[in-house]
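Here chain A shows up in two complexes: once beside chain B, once beside chain C.
On to the complex of A and B.
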């Protein structure tokens, strides 16, 4: 009976003009969005490869130069566009793509795609994740809002009941008829994305497992939506009311809840303004060692401590250049300050994320969105990871440069220049995003919420259709 | 009971295999309630309904295997063809047939072969009723419940429907038909009952009574008084 109902429903659906038109529109939108995303992905990654190579060339070919001048001259850490961003662009557009690494200062990522666009960018882009998260649930509504109400309105329910229809088999037949077109559309999209990514230059990060898990996440999301739409259709008497109620749920789940979550989170755990943040960092910096200032109280204290440690009376007797050593200690102190202040930002971000998670109980969109972005490496967690890796690299670079000066010069010696081939010895910045396993571990709560949505809506649906 | 009123009162009705029992009565007499009771759509406050010696309330799923139901206005899926509708409703009842077999049922029910693959949305009421009969044939129903099946049918279609019922009678199907149509009842029924206020007021063997006698009995039961022009 399940397969009979499935085929009957499918025939009915595909014989309706509104369904055929909707499916064509969705497929067209998906095609266009994949095409746009692929081009964007290729462009950004070509830019990434070019910028990375040219920046490294500039670094390697500085010629003879003082290492601290090189530290101030700086270099860049570039974030590649990860393969699954082809499906979900997440916050990539708003988070910067490169971080300038220089002495004494931790910089924010800059050159975000959004900054390169006009105010019209507020309207958003046509991306596969937009279709997956917003349009496909709408398609489910369009296909399924009258699943049960039409049986009442047409009068076929009486005949079905007289035939001894088994409610749960009937329900599963209808459910699978709604699920199948969504499954085919999504599977097609993911297969095309997979094949494209398999053949595009992706810096070796793409793996089919991640794509598969992301696909599963979306399938659960659609299953939840199908359950909700069928639940409404089984509870109300008229198709019109079912349509309006289903659209209200869509507005609440996909539009209102994320925006409300964003407002509540920002209100409850606000980020400091850029000026506040910079002022706080400056304040803390003033209270510690400045590598450039040999006369400060902290510098004198360090000098005393080092002389004592090495059992010498003069900085000239040290086996290294104390100026470079102090510079490095100053760097370490500044790095600590940055870690402290960035950790505060992370803490605020984590608190805001908790608000989103708690509101996930009113919207299956939220856990899906977070899981999708996390798997695609386009979420803020990955961006933080990248920024932290860049900072670690910056500190290591400063240590590498100051170490060279300390080793090769005497205290008070000026005008030292490292050899032209020295720069090549600095290892290139390498950032590997978290593995799939660790991404899923970090998102356990989102998976639990989504699974709860799935089982709760299934349970409710079975319960209500029992008495149809 | 409906809203404190007795919808059926001491109704004692027995339809044997091969019988066509026509229930006559005015609107609200309890004809449809009797059918709904046998379908298990409503529960009696007292008393019991049996189908094939099974208590309907206690064996709701099981009794439905034996019966077929055709309401006054049989509604099928308009975007599906006659064959597809028959296939689906047979499937719901747990029966699977090949397309030639399904066409055979439709033919037996008197539907013209050109209509087999046409969508139900193009069908007249009479044609839909024939598909309903085909559903009953495919199900091999032992009991056929009909609620005003000929209302709104033209005389030709109504006559054809009566012919189909006699065909089912030959197959030993027990038919209970609620109707207002005295003429059709007299023509097809083996037994006729007249209901009023939920009670079965009179019963006849159809062959023992003429149409005019049936009409008089019906009018007397309804307390109908002719008004002088």
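On to the complex of A and C.
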């Protein structure tokens, strides 16, 4: 009976013009979006590789220079694009792509793509994730809104009841008929994406497991939508009303809830403005050790402490250059201040995340969006990860440079220059995004919410259709 | 017939509780979105005021310090921050260059969540490193804001679709169409009258609920009558466009469900697909040069310049003999060399930075040509302009700031190269930034939108007279 219903429904769907047209449109859109994304992906990564090597050249060929001058001259960390961003662009467009690493200062990632685009960019892009998250649920609505209402309207419901079919078999048939086209479309997309990515040799971290898990996430998302649409169709009497009600759910889940969530989150847990943030950091810096300022109270205290520790009574007797040592201590102190202030941002963001999570109870879109971005390494967490890695590297670089001065000069000595080939000894910046396992670990709450959606809607559907 | 139609339509709408439901939804949507917008504007304005107050305070401190220095007293500040040095004033006492909020800023977030609303340019900073982006969680940027513009552009059309998709088809389905056919009125006239009436009621509801929400939230809608009526006018013609589409679909398509699907398809097309495809095409046709590669070029240039600092300073002084003449000491330090080379970097970077502006302008022009394809784009553009939050507004602000940064730098150059101390007497002369908003014409997109809507109505009329009315009735 399940298979009979399935074949009947499928046949019916494919005979209808609107279904054929909308399927063709969806496939066309997907094709275009994959093509555009692939081009963009290759483009960005080629630029990334070029920028990275060229930046390293600039650093290596600084010539003879004082290490601290080099520290001020600084270097850049560039953020690559990860393979699965081909499927889900996530927040990539809105997050900066390069971080300037210099002495005394932790800088934020700069130059997001969105800032260089016109106002039209805010309508969204034609990318695979747009189709997967917005258009496919609409397709499900289009295919399924009249699944049960048509039986009522055509009067076939009574006929069916007289057949003695158990409702759940009948339901399962209808369910799988709705699921099949969506499954085929998504599977095709993911297979094409996988093959494309597998053939791009240079950009290593792609693995099929991540793609598979992402595919599963979307399958659950669609299952939830199918459940909701069938539920509405079984509860409502007329097709028109079922359609309008389903659309309302779609608007609420995919359009209204995320925007409302973002507003509520911002009202409750605001970020400081860029200038406020800078002012707060400056305030804290003033109160602590400044590596450039030997006359401050903190510097004098450090001096006393070091003299005591080494059991000598003048800075000249220390086995290293105290100026460089103080510079490094100042650097460490400033790094701590930045750590504190960036941690505040992170805290605000994790509070905001809680709001997104609580609003996920009215929108299955939210957990799906977050999970998909996380697996694709295009979420905000990965961006933080990258920024933190860059900061760790910055601190290590400062230590490397100050250490060189401390070792090679005497206290009070001026005009020291490190040799031209010294710069090559600095290890290159290396960042690997978190593995799939830890990504999923970090997102357990989103998975739980999505799973709850799945089982709750299945349960509801099962019980309401028991008595049809 | 019109008066009958009017009377029965109203009774019908009231009895079916459409009017009550719509009023409630509209008040809720307008209320929530306006509140959100106001909140954001308030935060922005507050941060600007706070920044200006801080500058006032630090200025008072600076004057005190200057006073002590001028009287020859010992001061307890780090040597490089003492304000008798012009570079210390230029670097540690910058002015706030703020983009003041416009009276209608709350209606559209536009690019406001992406860009900052004040910066403090310093003498030694270069224009390329002035960061104009705001510190926002990218998740928020991704989801966007629930502002009035969102309600108008995205949700209002959907309300119209729900309100009008089955005007004709429900008569067909309930069997009353044959009854109607016996009345002395053409079918398309009848549908048109019904839709015009619904348009009238919805407009009235929109106007009333918008005014109500504005008043409750403490805004004076009639304080700026041209902008307020510009906004209302824009909403009405946009609504008219969707009613016109609904008219076409009602006459040409069949059952209620098919109508709804067709209208929804049009919504997806106009609101979601056309804008994103246009944007994508604009980006591919006029791609922005890579910012990362720009960084490389800037770095190489700076490295070259640093090596030749002395030479650059000599050339600079040759070009500016006024500096070399007036100074008796002729002493040259770090800042003399630095500022001269900064000048050179700025000149050399100009073409690279211009290429971004040029490409952005190309994209803008390209969109300007094709924006007529989707009224949603027209409305978004107009709302952003009305709010003063469009890309152009921020570009305009950025240019004003860059010009001001130049003025700020230039102001201190004579001090620096003449080795003249900054004194209390010089304080009143330091430049201030005044933001000049671009003049906006809030009525400009209304006529074309109106024409599009009327054109669609006309099309529906012509088409339906050709396709004999009786066939619609016989179909049922």
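Everything below uses one rule, namely that the second predicted complex is superposed on the first by the 466 of 468 C-alpha atoms of A that agree within 3 Å, B and C clash if a C-alpha of one lies under 4 Å from a C-alpha of the other, contacts with A are read in each partner's own complex, and residues count from 1 in each chain.
Everything below uses one rule, namely that contacts are C-beta pairs under 8 Å (C-beta built on N, C-alpha and C of every residue); 3 or more make two chains touch, one makes a residue touch a chain.
The structure presented is a predicted model; accordingly, all values stated were derived computationally and were not measured.
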| query | Between chain B (first) and chain C (second), which, if any, makes contact with A:415: first, second, both or neither? | reply | neither
| said: Quick one: is A:12 in contact with chain B, with chain C, with both, or with neither? Answer first, second, both or neither. | reply: first
| request: Have a look at where A:437 lands relative to chain B and chain C in the superposition and call it first, second, both or neither. | output: neither
| Any idea whether chain B or chain C touches more of chain A? | C
| said: For A:125 in the superposed arrangement: first (chain B), second (chain C), both or neither? | reply: second
| task | Considering only touches as defined above, state whether A:94 meets chain B (first), chain C (second), both or neither. | result | second
| task | Check chain A for residues that touch chain B in one structure and chain C in the other, and list them. | result | none
| message | For a test of understanding, state which residues of chain B touch chain A in their complex under the given definition. | response | 39, 41, 61, 64-65, 67-69, 71, 73-80, 84, 87-89, 91-94, 132, 135, 139, 145
| remark: The chain C residues in contact with chain A across the complex are 32, 36, 39-40, 43, 47, 50-51, 54, 78, 110-111, 114-120, 131-146, 150, 154-155, 158, 162, 165-166, 170, 256-258, 260-261, 264-265, 268, 271-273, 275-280, 282-284, 287-288, 290-293, 295-296, 299-300, 303, 307, 356, 360, 363-364, 367, 376-377, 380-381, 384, 390-391
| Residue numbers on chain A that touch chain B, as the complex places them | 1, 4-5, 8, 11-12, 15-16, 154-156, 158-166, 170
| query | What does chain A use to touch chain C in their complex? | reply | 18, 22, 29, 36, 39, 43, 47-48, 50-51, 54-55, 58, 62-63, 73, 76, 78, 90-91, 93-98, 108, 110-126, 130, 134-135, 138, 142, 145-146, 238-240, 243-244, 247, 251, 255-256, 258-263, 265-267, 270-277, 279, 290, 293, 295-296, 345, 349, 352, 356, 380, 383
